[in-house]
Amino acid sequence: MEKTQLAKLAIEKMLSGDKASAALGMELQNVGAGTATLSMLVRRDMVNGHNIAHGGMVFSLADTAFACACNSHNVVNVAQSCHINFTRPALLGDVLTAKAVEVTRGRRSGVYDVRVENQDGKLVALFRGQCANLNENIVET
Amino acid sequence: MEKTQLAKLAIEKMLSGDKASAALGMELQNVGAGTATLSMLVRRDMVNGHNIAHGGMVFSLADTAFACACNSHNVVNVAQSCHINFTRPALLGDVLTAKAVEVTRGRRSGVYDVRVENQDGKLVALFRGQCANLNENIVET
Amino acid sequence: MEKTQLAKLAIEKMLSGDKASAALGMELQNVGAGTATLSMLVRRDMVNGHNIAHGGMVFSLADTAFACACNSHNVVNVAQSCHINFTRPALLGDVLTAKAVEVTRGRRSGVYDVRVENQDGKLVALFRGQCANLNENIVET
Amino acid sequence: MEKTQLAKLAIEKMLSGDKASAALGMELQNVGAGTATLSMLVRRDMVNGHNIAHGGMVFSLADTAFACACNSHNVVNVAQSCHINFTRPALLGDVLTAKAVEVTRGRRSGVYDVRVENQDGKLVALFRGQCANLNENIVET
């Protein structure tokens, strides 16, 4: 099967069971071999008293994009550690987009970078995740 | 005012506006000068298809404990960067507890460590956050 | 003065006092506004018993590239926190190149990414650094 | 063999080949199962023009303490990723001590925390390292 098609099948299966991402209204925009883009509206139940998005909500979006990218080769990978820099507040009503790209992938682990931007293309957060390869397939091929 | 009492006033005010933490069912167990403990039940809308908590939900709990601890001196501090290691899956129905402690606090920034444990005291995640001091008070004193 | 020229002046002054970078044989290849490239030979006094470079030597090169890039606007910036992923061993005799780029720069802090590659262009380490702006000039303008 | 004795044998063997740590004058103060303490004098060839230690020198000390601690079970472990916060400058002539402790250790990876302090017990840097288990022994038992 072609790589992009396999990525789509694997990630659609993975996301279909992910109640957390669904509850936060995340939408998969795109997925390929080693890449994924998701978007999320900053809702009223995601902000603090100053109408600024909780860091955990921004992290959740980035982490899901990371998970989609690092599982896109149809091999189960789990997050080991993640690092995030918050560079600009995300506000109530903003539509955030997280774009994950593969930086390196070895036999046992990989590193992925995610940029989270708002609807004006302004950088909201930078995320770097390291995953561990569990050597299991997601969908049968 | 006594430090612990001031911490309680400041953090109660901060959390009262935090719709995200409330929506995730987080409960403040304890707060003092430079420390905070929060708990959260892993609900059905926080897990994936294997009934494992989304990393973003675990991060959100740790990040809120961090925010409570670094704002507990009644001075507004915002998260600049955070690092998290996921050491054990959190499962549906688990009650997680995040305990934040102040490692160091300077004039402009501080570092806080958070341990997230499950109801059996097993380590689920290690979190380290760095904040920037905005030099504004939360409650008037 | 033109930005690239100012960067060169500031960084040459900064490096002229840096005995540590000199002792490790680092060479500045290039510097511009927000970017810097340095190279370093992995010497016999930088490796372990398996002729693999000490992680601290790889970090030192990346950290110096970061310092050059974040001071290139002729404003003193100091490292607050750094994150490094080691992706491939650097070996005795390798010539490493660290290339730093500015990801974001605000009034008080900035984030810089550094890639360390060997002479074959293979990724050895990924580095992300956050700096704090001290609001002092390096050279008079 | 008793765990502390095995740790000493393994780490002495590991350090005996480590030319980088020797070149920087690091001294092993103590090692046990999952812990290690090393010290280092900040020499003239480790500082910048303001007589402040290069961040890479501080990192190198912390990273070596991490390596000693995570190899102390006589199983080869390599650093995957490290995070460091610089909290206070280390100065020419300071004697730094890095103390590494094991936070968690699984079948495939572990997390270790290192505090670097100066001779007055002041915190200079906080380091967190994640290692991967290569499942080989260092010394025969």
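Lettered A, B, C and D in written order, each chain numbered from 1.
One rule holds for everything that comes next: contacts are C-beta pairs under 8 Å (C-beta built on N, C-alpha and C of every residue); 3 or more make two chains touch, one makes a residue touch a chain.
Predicted, not measured: the structure shown is a model, and the values here were computed from it.
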Farthest chain relative to chain D (centres taken as mean CA coordinates): A
Chain B and chain D: spacing of chain centres that average the CA atoms, whole Å: 29
Between chain D and chain A, distance of the C-alpha-averaged centres to the nearest whole Å: 34
Interchain centroid distance [CA atoms averaged], chain C/chain D, Å: 22
Sequence positions of chain C contacting 2 or more other chains: 80-81, 83, 85, 130
Overall pattern in which the protein chains touch one another (line/ring/star/complete/other): complete
Chain A to chain B touching residues, read off their complex: 14, 16-24, 44-50, 53-57, 59-61, 63-64, 67, 78-86
Footprint of chain A on chain C - complex, ascending: 83, 85, 87, 103-104, 106, 111, 123, 126, 128, 130
Residues of chain D defined as touching chain A within the complex: 80-81, 83, 108-109, 130, 132
